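Multiple structures follow.
Two complexes, one shared chain (subunit A), two partners (subunit B, subunit C).
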Partner chain A sequence: MKSITLMGILALGLLLCVSAVLALQPQTPPATNPVTDPFTAVDIWVDSGRQALGAYQFELTLERGKGEIVGLEGGEHPAFAQPPYYDPAALSGQRIIVAAYQVTAPLPTGKTRVARVHLQLHGDIKPQYVVKLIASCGAAGETIPATAGAQETLQGDR
Partner chain B sequence: MKRKSLWVLTTTVVLSLVALLIYGCNASPDRTSESPDNRSLVYGLIQSDIPFQYPVLSEGEKPDVNPGEELWVITKPNSVLSPGTQPAQAQQGQQTPQPTDDQSPTTGTLAIQKDQQFIPIPLKHTDVKARISGYIASVAVTQQFHNPYPEKIEAVYVFPLPENAGINEFIMTIGTRKIRGIIREREEATKIYNQAKQQGYVASLMTQERPNIFTQRVANIEPGKQIDIEIRYFHTLTYQDGGYEWVFPMVVGPRYNPAGSTDGVGAVGTSAVGQSGQKTEVAYLKPTQRSGHDISLEVDLNAGVTLEALSSVNHVIRQQNRGPGQVVVQLDASDTIPNKDFVLRYRVAGAVVKTALMVTADPAGTGGYFTLMLVPPAELKNLPRRAVEMVFVVDTSGSMSGEPLSQAKRAATVALGKMLPTDTFQIVQFAGSASQMAESPLNVTPASRKTGEQYLANLNEGGGTEMLQGINKALDFPHDENRTRVVAFMTDGYIGNETQILRALYAKLADSKVFSFGVGSSTNRYLLDNMARIGNGTTAYLPLNTNPEPVMDAYFERISHPALSNIALAFDGMKVTDIYPRQVPDLFVGQPVIITGRYTGTPQAGSVTITGRAGQEKLTTRMPVTAENTQANPGIRTVWARMKIADLSDTALRDNVDVTKDIRATALEYGLMSAYTAFVAVDSQTKTTGDHGTTIAVPVPMPDGVRYDTTVNEGTKPQP
Partner chain C sequence: MTHDSPQLPEALLTRLRSQANPPAQLPPALDDAIVQAGMATIARNRRWRLWVRVSVGLSAAACLAVVCSVWFISQRDPGFASDLAPSNPQRVTIAAAYHLARQRAAGDTSITQAQIDQLAMASVRLDHYGAGGAP
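And then the complex of A and B:
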């Protein structure tokens, strides 16, 4: 009987400890970043290394979260400052495909922001943005190797 | 043993529970995706090694992409200079705009200083730049919105564009930044816009109210700031009696809406905004008022062949010759009030159309798109016409008061003098109701002509525009079996129930032919052109203060010979599909028709055989299609999609079927404005403070020659 009482006291003590530990824990972070503002923008960059970038085409995918394109802006280099074009047919299939080209110098080299995609997000989870570079060309139209990526635009960055 | 086991079991359970709880609190599905500062996120990279043809794609060239990949390229149009974007300064001493219901933008109260000549409004300037190549125009329209008030506003502007414009670009400019608008389903775009507006973001939305009437909304314009909206479109020119015509409409005329309708286009004074009860509403300035809104316009015309004559119907222009067949036309600085259609006419050297066929390769396929101007067979001119039973239908409503009605009377009087003794005629007038000159059509005699002239002279103006009654009067009485009934509608077309009128025409037309005459400086060309198209006739326009005789001469020349009808086309050298309009319109003397379609493979030199009936005769004519008269134009793809949408809309009118889904799908696929799609642009980086501000409807001037007092509802009297 004594042992049973002892076990009960021990169990109660452990539970109290657990409760105390839990109370000291910080609030549970969300699975991913929460959406604080449904309107946001994503900067798309292309890195063509030492070669001049004359044209690009990419597909932007929103993973985990949901959202839709509400505007399309050009990049930082004068060659790609004009808003690029999107593929309306792809958009009607819920795909965001963007392209632009520039034939006159100077063209950018290295890593440059080529476009800014304005989005309206849906739901509570901020999506991950994945950029798939479909094509990249040099000044003479030749295919050149390049990488691309996305970075969420800081609010108010114009 | 039992006690020991129980002890171990209890301890295990409790410790497991603790471990589970602690683990659960800290667990995150993917912590690696979090950014260091929780704001800037960097995501995965994918190496590009896909071959890519450049410059993009030559015509007929197939891109080299991996299976499953989509290579999509748009031909970049020639750049058009945008006007300056200097921020406007807030006007001193202006009244503060009054808040309105944010869900009903057109219900805002316009805060302007009344009883003064100058009225500051949120639309400062419109700039139009057009480039014409062959018979296709590429047009860029920039609307400069600004905020002359001390508080944040939403500007709402109802404006016209050509009814056949394939609008495929929309760009919002804020300072030096340009944001391309996105085509969306209309409801979806409206929802996005309203949410952005509510949350203080600078945003814009363009919707279509009629094929030739659009609404532009620009939200959260801060005091002193300017936001430009640039719209681009392609469309085809008309070709009539040896000359091309390019039109840019500048103002929506005041529309009459039958009692009980709510889907019309209201016309109100600036003190009665929101009181029309119509879904779309236009606010008009009084004749004594002027806004600062002006317009500049430039046309870069490359005819390809020597220009023989060039003139502007309604405006003063300046022109600079740039070489054989090339000229730049500008609106003169003395004529910049946007209150009438800009109409540019020109002729080119040679008796025949030189550039009948225009093609463009489809970047996504092996074929392409084409447009073709079908020229009437020369033999038509040798065929006599049947006797006609001419019915003149004259609009005597309030909007036709003054010079428009006088012009219509002059034109009808001229026409009476050209009729043959074998013909008969009737005159019908309509306003709030319809009436006719005689019990039945009169034989053409000197006496009956005088009767007709007297009847025309005595027509009084005023009242509503019950056009349906005019149609009933003109088409319902028994047909004369020995004569072709020809109905000549003379009207400005200022009604808001176009669908009802066009459906009635389809229902009552039978063997009659309808010719429409647009009277005035800013007519409803969508209605007039479609009345004539449905009625197997043609449209002509009667500008004010001009001699109507040349227009009526051309009209009588057209009806003096039978048209080629029931047309069938056979292409040699091109495999074609998807031709629009599916029913090729009748071909009249001096009136070619433009059709569009798709082709597969590579277009080869060949010919088009046109077969049809002219009266009792079967006619066949061949048009050669060679490299010499084949031109490439990137706008043809857009023109094809726009004509497909028009054809679908016509099917809905004629057969009373729902084509919403088809129109929407076409518009979304080709990125085009339509009744069921809209352009929306949101600048997610410009969030203004405070609520979304006051909605201001942009008031527009009355069309030149149209009376304000007989057409505009000022809120204290029923609509005329």
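And then the complex of A and C:
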């Protein structure tokens, strides 16, 4: 009985030590080369249909592949041409939340590019971007139905 | 005065003797078989208990290791915990800032652009957990 208990305690201790060592190991950074790794840009579009788009908020995540968000710029329509709001902490990460609003007309309708996200990619895995639309508002501030998506536009040498 | 002992049949006497004094030892073959079966049962029970204890111990250790790993990783990477957490439906969205901006554009001078910017920035924070919550 005592030997079984001792064996169990030893196994528990061993597992704890292994998990602690694994968790405390320095994270191996991806094999990156800031000089040669390619840059790319992802256009984010929002389609509000016939209704004017007064404000939007979305979350972009690099679901597959490795890369870093290195910059952000506004969209094509004058209403959203200025750089949108974003968390600077998202730079050098793979997830970013972006938002913007416009109170002066004219506001865009239909499918319009609202932002462009610049990334530097690492590795050979083809990246996959996921856009989740968090909020979309009409000219009067009301919530309007809309869809959003991402399209990679500028692909560097891979 | 004397009493004569009643005479019992011999067969009944033998039966009574056998009940009162059961044979002290079983036949050797039967005795060995019982001992072997008993030993086998004891060994089987020991093995079963050992496996149960080892399985329970390893399962508990594995669960504890997972919990410890998540805790260690969350300590080193604060974003890890927020990635695991479900999306907060109370997150401030740009709609709130947009509402204030529209009021300000309509002439409400009590609202400053700094307040609107602060609210808009709160809506895009990666580690934000609601309107009043600290990151």
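Convention: the second predicted complex is superposed on the first by the 109 of 158 C-alpha atoms of A that agree within 3 Å, B and C clash if a C-alpha of one lies under 4 Å from a C-alpha of the other, contacts with A are read in each partner's own complex, and residues count from 1 in each chain.
Everything that follows uses one rule, which is that a residue touches a chain if its C-beta (ideal position, glycine included) is under 8 Å from a C-beta of that chain, and two chains touch if they have at least 3 such contacts.
As the structure is a prediction and not an experimental result, all values here were calculated from the model.
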Task: Could you say whether A:T104 touches subunit B, subunit C, both of them, or neither, answering first, second, both or neither?
output: second
Field: Superposition-derived comparison: subunit B or subunit C, residues of subunit A touched
entry: B
Message: Contact-wise, after the overlay, does A:A135 reach subunit B, subunit C, both or neither (first, second, both, neither)?
response: both
Message: Contact-wise, after the overlay, does A:S92 reach subunit B, subunit C, both or neither (first, second, both, neither)?
response: first
- prompt: Which parts of subunit A are in contact with subunit B and also with subunit C?
  reply: 4, 7, 11, 15, 18, 22, 54-55, 57, 85-87, 89-90, 95, 97, 99, 101, 103, 134-135, 137, 141, 143
- prompt: If you look only at subunit C, which of its residues touch subunit A in the complex?
  reply: 50, 53-54, 57-58, 60-62, 64-66, 68-69, 72-73, 76, 79, 91, 93-95, 97-99, 101-102, 105, 117, 120-121, 123-127
Task: Using the touch definition up top, name the residues of subunit A that touch subunit C in the complex.
output: 4, 7-8, 11-12, 15-16, 18-20, 22-24, 27, 54-57, 85-87, 89-90, 93, 95-101, 103-104, 134-135, 137, 141, 143
Message: Applying the document's contact rule, which stretches of subunit B touch subunit A when the two form their complex?
response: 3, 6-7, 10-11, 14-15, 17-18, 21-22, 25-26, 28-30, 33-35, 38-56, 65, 69-74, 76, 171-172, 175, 177-183, 192, 195-196, 199, 201, 203, 364, 665, 668-671, 680-687
Statement: So, in the complex, the side of subunit A touching subunit B is made of residues 3-4, 7, 10-11, 14-15, 17-18, 21-22, 25, 28-29, 31-33, 37-41, 54-55, 57, 59, 68-74, 81-92, 95, 97, 99, 101, 103, 118-120, 128-137, 140-143, 145-158
